[in-house]
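In the two complexes that follow, subunit A is the common piece, with subunit B as its partner first and subunit C second.
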Partner chain A sequence: MRNSALDPRWHGRLALGLLLAPALLWLGALIILPHVDLAVLSFRERIGPRQYTASLAQYKTFFAEPLYWHVFLRTAAMSVIATFLTLALAFPIAWIIAKLARGRAGSLLFIICLIPFWVSETVRTLGWMILLRESGVLPAMLVKLGLTAMPVELLYRDATILVGLVYTSLLFMVVPLVSSLESLDNSLIEAAYDLGAGGFAILRRIVIPHAAPGITAGCIVVFMLTLGNYLTPTLLGGKNSQWFTEQIYTQFITRFNWEQGAAFGFLLLGLSTALVMMGLRISGQRFGDVMRRT
Partner chain B sequence: MSTPDLVADAVVKRFADHVAVDSLSFSVERGSFFSILGPSGCGKTTLLRMIAGFIAPDGGDIAIGGRSMRDVAPNRRPVNMVFQQLALFPMMSVGENVAFGLARRGVGRADRVKRSTAMLERVGLGNAADKRVDELSGGQRQRVAIARSLVLEPTLLLLDEPLGALDLKLREHMKIELKQLQASFGTTFVYITHDQSEALVLSDHVGVMSHGRFEQLGTPQDLYYRPQTPFVAGFVGANNRIVGRTTQADGEIAEIATADGWIVRALTTGAIAAGDAVEVFVRPEVAILARNASELPPQHPQHAGEVQSVLFDGANSAVLLQEARTRREFRIALPQTGQFSDLKPQEKVAFSFDPSRAVCFAARAGAAGQDA
Partner chain C sequence: MIPSLPRPLWLRGATAAYLIAFLAFLFLPLAVVAVFAFNNAPYPAPPWHGFTLDWFLGNAAQGRIGLFADSELLGSIWTSCIVAVGVTALSALVGMTNAFLIERGQFRGKQVLSILMLAPLVIPGVILGISILAFASRIADFADDSFGLELDFLRPGLPLVVLGQFSYIATIATLTISARLRRFDRTLEEAALNLGASKAAVFRTILLPYLRPALLGSAAISFLMSFADFNTTLMLVGADTPLTVMMYGRMREGATPVLNAVSLFLMLGSAVLALTLLRRSRSPRMKSAR
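Presenting the complex of A and B:
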């Protein structure tokens, strides 16, 4: 019989286990454990003081109350729109950084994209409020230019929320796009051009297929961040924002209804997972490939 | 005579303070294989990219198939290019790669498949249409790159050192294959390379390029046997280079003495007077080697030397000598008779060469003092 402690394979496994320990601990203690607890919470109902019973009541409430699923769908739709707007805006920026700007100019552009993130999200969002509120900079300028008779309130509109969300997410789209566009060999573009392709055909047949994992990675990250964003919709959208994270916040903090909040949390998790999987299916990407680009 | 497929007329391209292509004019006959041969940085890639349309010339004009290409975008030119790294599209199958250009021209799907499959069959890859590009070997990719261009029936096929990335054995094989492909398609090929053997083997005509100009334009035989400039003599094929001054230059054969007193005779090219600084080139296979001076042809000047090393390379074997008095290196190709198979270093030998087969040029500015 061989002594298992001396088996080199066993040694390898031990080393791997030790290396992975911090990550596993982190995953277990901070992600899995709280989620298990939340899952348990979401499947129970309070029937008296300190008396609980297993039930689907929390989930039933969600479907019974139109406000909840209305906000839920609205959050999903707005997040999808914000993701596509971010992609549309980030793609040309990433193209310029990766392909057109040479050397220092490219790094400079990248830093310009990065610098706003040195400031906290709260401060950045408050900055938008200063610009957009009725007595703010932009409405005053519109009056001065004669475009509006009186200052207009630009806050608390859906468009404003979208602007804020796109602004917050831009960098997370630009980074994976730049890396996937940088790896595109310029001679492929030239070859396609040489074989008779115009700009649009090159984009559709060469650039986008090559950058697809980067595009998908960026979209997933931005979608998740947007869907789970609390600050931007709340500050820029005010009472009208109707963002699902606010509902969760209200249940936990205002209503002190943790069971309902936990159920909402799981619904949001399910929604984001379903939409991401759907996106992967539509774009024909594999999850593993995409995650390596993130 | 039909119109040449490619005419360059005083084409100029400058980059900042440096002239990459310097007022170049030439034409390429329909159906011929034309090579541009030159060291890296001589401007050949710039020239090729101007023909393809990726760079606009600063002056002059390029006409393809008799039509001026000024302001014609690369995707509208009757020219296709095989890129140095081939640039096959990894996101498409082999068949889709070949059909790509046809699709851009609006050829219908069924016709596209038919034509790309037929083209793949012609290059011997009939069953590879559904393969991924990375499943092919280097030589197969090469053929796909050529098929992808030729399926569009271009007036001109440009090839940018396409063999550079292959290993030696495959390169030799692909050389022959390229020549056969060109002959069977009859398309005009413009090929750029820094490898003189590729240019000599493949081409009908070669332009030897240096510093943005053609040093000489001619058949491979012209370049090899009748080089017009010292650059061509030094760049095309192996050559012994001897630098010196003419002591006597009446008639066709001049007598040249090196600074350290070795006297050789060679055929003059261009105007050379007595006392001029010159460069003499003697091909290794022109010189005759003998163990005894008496075995050499009596009509040619004889030289003595000492074997420095024997460079055995099968049919390309040579011996490296030192001229007896000046210790200058001189390379002689060994005959295939096996007569010198037992040659040893330090052995004393005699050699001679026919002065009418050695060439002598006025020395290039700045080149007079240095030895090759």
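Presenting the complex of A and C:
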């Protein structure tokens, strides 16, 4: 013990090395190397049993086969729509929590809003299936109210997938919105009002610029989670879901075509990264700050 | 608008209506899951046929297999618990070393490393799953071809599921623990060292108790996230099926209310965990969220 303490510099290096090892092992063996491997996989083609050659064939297939890129674009578009719907739905609630509710009521409401998200997505999706399927609660209610003659199937529609995605994402929007709205000084709003600004002008020129970091953070996280979601689209959309993660699963697990699956994975990762970068560029945010906010 | 400004009556009414509708939207799916766990019918669907505990207590002899007789389902809960314990332990350990590394360490490339640590959160879970699956298989194939070694833990199965979930849950643990470590008053540590305490004693008697809320909080979050993970698990799962994957399979086939019964327990479990955490509201995650 005394010996190693003699040279404090050596001691410090040892400590640093011991702290660095788990981090490097984690990031190296579970994040960086697997992704390099995935890239290598996606750029090769099988030409015989256990024989491969470098090629762009997997990416060519993606563009040549309309089904693949249709599903890809559809997933992207639906994710963008889901993100904006989540923002529209979460903003008033965040406003109520941060600005309207007084004292303990605000924190209580906030906790109430968080509760459903402690339960796993599987359970929440089960709830939506019981509510929406043809023999489910809502179709039965519609019949009882006389709005429809027969129970209608509410599952397996695009709108259903959106409802499920928005529901799953709400928490990740509400949390950053509340924290960015709470830091907004009320006297700024009062000043704008005294100077004659209407509600819309206050929202556009004071509230939104101030909350922009929170809005960006929420949108980025929600978009990524939606894009990468598998459970909600496949269960609520059934065969009509056509979600891109499903294609990846099919290639990887069902067809055992890992090269194609890897290429699909990279395309999804590329899309996700590109839109995140775009979001950051538009709002002038830094990645680290955004992630720490959520 | 804010309370100090005049709000027209219609706006107040609309706000209240919106709040009620929003809360209904939040809790309706959970409520129906809970209610239909007690419906005396073979499917979780209306109409209401009366109250029963069959979906908890029933057994094959009665024609209805309740949760406590469903060994497949109980087994998957156990599998999920084992995985979650593994992920929680690994994440807490690595989260703590990472926190000290980022908050205390001085080395070149620290900025890059701390950004890299956030990366797992922006990679879709499905892709984390397939990349780890492909990489692990490559190593296992290599070991098999070159040395005739059978590295079974690198084939789809629980060890890979643990590693897959850990790969991104570690980031969350790191963020939670380092947020607390950042606010630590270092003069306390210096005082203890001046008074002759060894570094180990300082760590044990000052730092560790200070970090305890963050460690417990991140452990609870890691456990819940691991229990709820689906995307990464689906790609790495082998013969033993964790609960989420098992439930998913049954939901596709149209399951009996036994799934509602198990969901009810999941809800109660997470509610208890959430409330205990909020009670000790020193949890830094919640604080930073407010």
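Keep in mind that, in the parts below, the second predicted complex is superposed on the first by the 257 of 294 C-alpha atoms of A that agree within 3 Å, B and C clash if a C-alpha of one lies under 4 Å from a C-alpha of the other, contacts with A are read in each partner's own complex, and residues count from 1 in each chain.
Assume contacts are C-beta pairs under 8 Å (C-beta built on N, C-alpha and C of every residue); 3 or more make two chains touch, one makes a residue touch a chain.
All of these numbers come straight from a predicted model, not from anything done at the bench.
**Q** Evaluate whether subunit B and subunit C can sit on subunit A together after superposition, giving fit or clash.
**A** Aligned on subunit A, subunit C fits beside subunit B.
**Q** Rounding in steps of 10 degrees, give the angle subunit B-subunit A-subunit C taken between C-alpha centres.
**A** Vertex subunit A, arms to subunit B and subunit C: 90 degrees.
**Q** Just subunit B (first), just subunit C (second), both, or neither: which does A:I47 touch?
**A** neither
**Q** Tell me which partner A:A201 touches in the superposition: subunit B (first), subunit C (second), both or neither.
**A** first
**Q** Which partner does A:Y193 reach: the first (subunit B), the second (subunit C), both, or neither?
**A** both
**Q** Quick one: is A:G261 in contact with subunit B, with subunit C, with both, or with neither? Answer first, second, both or neither.
**A** Touch status of A:G261: second partner only.
**Q** Output check: A:E182 vs subunit B and subunit C. Expected answer is one of first, second, both, neither. What do you get?
**A** After superposing on A, A:E182 lies in contact with subunit C but is clear of subunit B.
**Q** Quick one: classify A:L56 as touching subunit B (first), subunit C (second), both or neither.
**A** Neither partner.
**Q** With both structures fitted on chain A, tell me whether subunit B or subunit C touches more of subunit A's residues.
**A** C
**Q** Check whether A:H210 is in contact with subunit B, with subunit C, with both or with neither, and answer first, second, both or neither.
**A** first
**Q** Could you tell me if A:A88 is touching subunit B, subunit C, both of them or neither one (first, second, both, neither)?
**A** Neither partner.
**Q** Quick check on the superposed model: minimum Cα to Cα separation from subunit B to subunit C, whole Å please.
**A** 5
**Q** Need the overlap of the two footprints on subunit A, from subunit B and from subunit C, as residue ranges.
**A** 190, 193
**Q** Subunit A touches which residues of subunit C in the complex?
**A** 1-5, 15, 18-19, 22-23, 25-33, 36, 43-47, 93-94, 97-98, 100-101, 105, 107, 113-128, 130-136, 138, 163-164, 166-167, 170, 175, 224, 227-228, 230-231, 234-235, 243-244, 247-248, 251-252, 259-260, 263, 266-267, 270-271, 273-274, 278, 288-290
**Q** Contact residues on subunit B for subunit A in the complex?
**A** 52-54, 73-76, 79-81, 83-85, 87-92, 100-101, 104-105, 148-149, 152
**Q** How about subunit A: which of its residues touch subunit C in the complex?
**A** For this pair, the touching residues of subunit A are 16, 18-20, 22-23, 26-27, 30-31, 33-35, 37-38, 41, 89, 92-93, 96, 99-100, 102, 107, 110-116, 118-131, 133, 135-137, 140, 167, 170, 175, 178-179, 182, 186, 189-190, 193, 199, 202, 224, 227-231, 234-235, 245, 248-249, 252-253, 258, 261-262, 265, 268-269, 272-273, 276, 287-288, 291-292.
**Q** Could you please specify the touching residues of subunit A with respect to subunit B in the complex?
**A** 185, 187-188, 190-198, 201, 205-206, 209-210
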